[in-house]
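Everything on this sheet refers to the single structure shown next.
Order of writing sets the labels: A, B, C and D. Residues in every chain begin at 1.
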Amino acid sequence: MTVTEMLGRNYKEIIYLALFASLVVPMIRPIGLPVPIDKTTADIYNRVDALQPGDVVVLGSNIGAAIYAEVYPQYIAIMEHVFRKEGVRLILVDHGTEAPIFAERALTELNAAGRKTYGVDYVHLGYIAGDEAAISGLCRDLHALLQVDYSGNSISSLSMLDDINGAQDFTIVIDFTASADSQFWLNQAYATYGTAIAFGLTAVKVPDAYAYYTAGQIFGIVESLKGAAGYEILIGRPGIAAKGMDAQSIAHLLYIVLMILGNLAYFMGGKKK
Amino acid sequence: MTDLIMALGSTALILMIYTILYRENPAFRIGEHLMVGATVGHAVVLAVFQIRDLAFLKVQQGMNTGNLGQMAYVVPILLGVALYLQFSKAYRHIARVAIAFMLSVGITLSARGLISVNVIGQIKGAIVPLNNVQNIVYTVGVVCVLLYFVYEERLSKAVGPVPKVGRWLLMVTMGAYFANSIMGRLSIVIGTLDTILPAPNLYLIPVALLILIADAWTRSKKKE
Amino acid sequence: MLNQGIVSWVIITFLFSGIMLGVLYLSSTHKYIPKIREHPGIQAIKEALGRATEMGKPVAYSPGTSTLYDTKYAGDTAAALTILGYTARQAVKMGSKLIVGIAQPTVLPVAEEIVRQAYRAENKPEEYIEEETVQFYSPNQWGFATSYIGMMHREKVAANFIFGGHAAEAMVIAESGATIGAMQVAGSTNVYQLPYYLVSCDYTLIGEDEFAAAAYLSDNPTHKGIIFGQDITKLISAALIILGAILATFGNNVVKTFLST
Amino acid sequence: MSQIFKKTASAVLLIVAVVLTCDYFIKDATLRAVANDMNNWAVVIGAFALGLGAYSLTVRHTRAIYQKRTTWPYSALLLGTMIVFIGLGLFTGSVSSPQYNWIYTLIVQPLSSALYGMNAFFIASASYRAFRARSIESGLLLVAAIFLMLLNAPIGGVIHPILPQIGKMIWDLSGATGMRAILIGIGIGTLAIGLRIIIGQEKTPLGGAD
């Protein structure tokens, strides 16, 4: 068999096994490559770190099982950071049907009930259907939109919401998603009320968000597992994200090698398809 | 015990899905149907809670206090029910009213926000003083791509080779999307590995591989 | 209530809407019907159909997994259905078997009507087979993808067209289509899926190319009108950027200030 | 009769759009109240829309079981799972009750992440098989993608510090040109499709011209 012939074959099974191995081996035996911290991530860290007592943080979430691995580590890292700031009020709201489960899970994992008082320091409003209309309603007047919070408590019984009506009272909003709700926050809160917005996104969503970032419309982006790993390091709480970065590196190398080999085959094999 | 069921169960389900990489098979189909049933059932549960919290509670309160605005939430409830008439040939036109309402709110909210954020905001973001090479490249580039999206025959001919350059820049942008999507998908696989790799879940991997090899072997026998 | 940029918002919105509605009016009254350039993607569709006919194999078409009235992809679905009308007619004319895969139950009756119409227009209504030519799969993206891929494998399709709003299943469909050797043409405004199409398909309509192609193929003159309207607004946007940049170079920020008021 | 509903639908399209547009730039308490209600009504209708998928799947799979198609056991599995989730959710009264959480974590989380993750494998085989520099265009895509991958993975900087820098340049270029123009296009395109729908030129979203 000539080299050209060898490269010309379709090594589907071998490629799959190689990818699997390139992920598994570094997970079991980490190499410990340094994780660079993006400026977009650091911008969010600094903004959260500078929050003052009385400020209101809204964490929107459309986390579902499909994007859990990418976005949940960001969500929990930033939530932890917010909880460390004394007197900062936190509102959790969900834009996807699966998101409430992950919001509750994060609260349990961070022992929110033991550290803070529900209704005074933080609330979980739950999932609101209706896409852009839901976020628009929340920004207009959340008391008019909602009767009860996620656990069924009447909104009027939650004292921290007494002086919070809509987007003009939110200090910052960070939305964690792979869907269009980040755009909805931008359209409804930033464009309409000038509220400061940032996103925690899956990698695929980042390129267009970056154009918003460079135009100064959002103040930061946490980008996929990479950004989560950076944030974990910034707050000194390394977790799953930091652990997975070596596997990322090796698998990336594999893809690049595959692309180069594929092109070699193409050019050596007379450019046939 | 429940923890063990959870750990082994999740691992088995993940492996069942990954068998599609070998070929389409009943294990994958079972996984897929479980998943569709579960997500759709989940959506129904949330829909019920939503309708209760956002509409029925308001109507109820309106009845008690005599607030007409709150009682009016009967209307969206009726419109919501009308959505289901889409499936009826005879009454489909009634559903049009509900769709029209939802669509009009959605597209107006979307358009009015996008004009501000995407059109005005991005034009503003694109305006930079042309005092260095980078800024000049950016300005020329963004105009080239914009002109690629011009379709009228005479207009697109008048701008000459500019759209071609625009398409090249779009390809570079698509390269960025491609690279990022690789990072995203890998992160997801890493998340599943976090479930699979701890013992005893790990031991299911050789089991799955053995089944696949056995299947490949019987299939090659059959071919002979 | 809009806080900043209200003046520019009102001016831009009404100017752009006015231009689009103006051209739309001119085209609807047949006073001026703009000519839309033929997109190479349309040639690619013809080529793929021709190849399928030569090989005597069927062609597959997906108008996406979005609903008809999804705020984000309503335009995509509508464009995909227009292109479906054209593709169906061409397929019938050339004599290749067409199979359309549908994800959303609400898209089903519309697609059926469009395809039936195409068969009628080519005087071959008997070749349209109920539940066979247009097949309904599943509103769930993965359910749809597996059924659609299964169909492509079973029927050994020689051409595959992917339009409309697709999400993560796009990659799986495009890659499977490429594996079985089908010639593929795809288009979407969902930028997240475009790189996969560009890699796996023979021709890709990027973003609004899909709308323009639909307008080019449509009998409705207003379709072309609104595309021309959009062209003008894009030229205005480009002009604003160039003017703003030149002025900014000389320290004059009037354009930027205008856009912020 | 159907004419009345069609006319109502057209009127609704126009009125809602006009009210919500005016609400954006006119300060008026009544207008604002009406817009708020319209907004919240759409949220309620949206909640009903969540159930549409369940309805059509139930019809389709019940039929499959009834007709004893070869795939009927899968259909039964799907419907069974759906019923279990609905029953458990409504019975426990919350989707974060321990029981519901358990079954969700057992079934949805692994399946969903595996389904999305499997794309990583497909992309790997596509990288070898399809990702070729057939033309200037695909060459550009390829080169950009490789440098950006070296920017994304920490290993790029370990191999040589220049690699992520080139990646960053390409990243900034695509953000400032391609992405920006695409975003402007989306804004204009949404306005255009919105106008066409609202004035009744685009009938497909409402279910076709009939």
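What we mean here is this: contacts are C-beta pairs under 8 Å (C-beta built on N, C-alpha and C of every residue); 3 or more make two chains touch, one makes a residue touch a chain.
Owing to the predicted nature of the structure, the values given are computational and were not obtained by experimental measurement.
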Touching both chain C and chain D (chains): A, B
Chain pair with the most C-beta contacts: B-D
Centre distance in Å when chain A and chain B are each reduced to the mean of their C-alpha atoms: 15
Intercentroid distance (Cα basis), chain C paired with chain A, Å: 30
Length of the line joining the C-alpha centres of chain B and chain D, rounded to whole Å: 3
Numbers and ranges of chain B residues touching at least 2 other chains: 21, 29, 32-33, 35-36, 39-40, 42-43, 46-47, 50, 54, 86-87, 92, 99, 102-103, 105-107, 109-110, 112, 114-117, 119, 122-126, 142, 146, 149, 167, 170-171, 173-178, 180-183, 186, 188-189, 191-192
Shared-contact residues (touching 2 or more other chains) in chain A: 12, 16, 66-69, 97-98, 100, 128-129, 131-133, 136, 145, 191-192, 203-204, 207-208, 211-212, 214-215, 226, 248, 251-252, 255
Residues within chain C bordering two or more other chains: 1-2, 5, 9, 13, 16, 68-69, 71-72, 74, 105-106, 109, 138, 140, 142, 168, 191-192, 195-196, 198-199, 207-208, 234, 237
Contact set on chain D toward chain A in their complex: 24, 32, 35-36, 39-40, 42-47, 49-50, 94-96, 101, 104, 108-113, 115-117, 120-121, 123-125, 127-134, 142, 145-146, 149-150, 152-158, 164, 171-172, 174-176, 179-180, 182-183
Touching residues on chain C, where the partner in the complex is chain D: 1-2, 6, 9-10, 13, 16-17, 20-21, 24, 28, 68-69, 74-75, 77-78, 81, 105-106, 109-110, 113, 136, 138-140, 142, 168, 171-172, 175, 178-179, 189, 191, 195-196, 198-200, 207-208, 211, 220, 222, 226, 229-230, 233-234, 237
Footprint of chain C on chain B - complex, ascending: 24, 28-29, 32-33, 35-36, 39-40, 86-87, 89, 92, 99, 102-103, 106-107, 109-110, 112, 115-116, 119-120, 123-124, 126-131, 135, 139, 142-143, 146-147, 149-157, 167, 170-171, 174-175, 177-178, 181
Of chain C, residues touching chain A in the complex: 1-5, 71-72, 168, 191-192
Chain D to chain C touching residues, read off their complex: 21, 23-25, 27, 32, 52-53, 56-57, 60, 115-116, 118-119, 122-123, 125-126, 129-131, 138, 141, 145, 182, 184-186, 188-193, 195-197, 199, 201-202, 204-208, 210
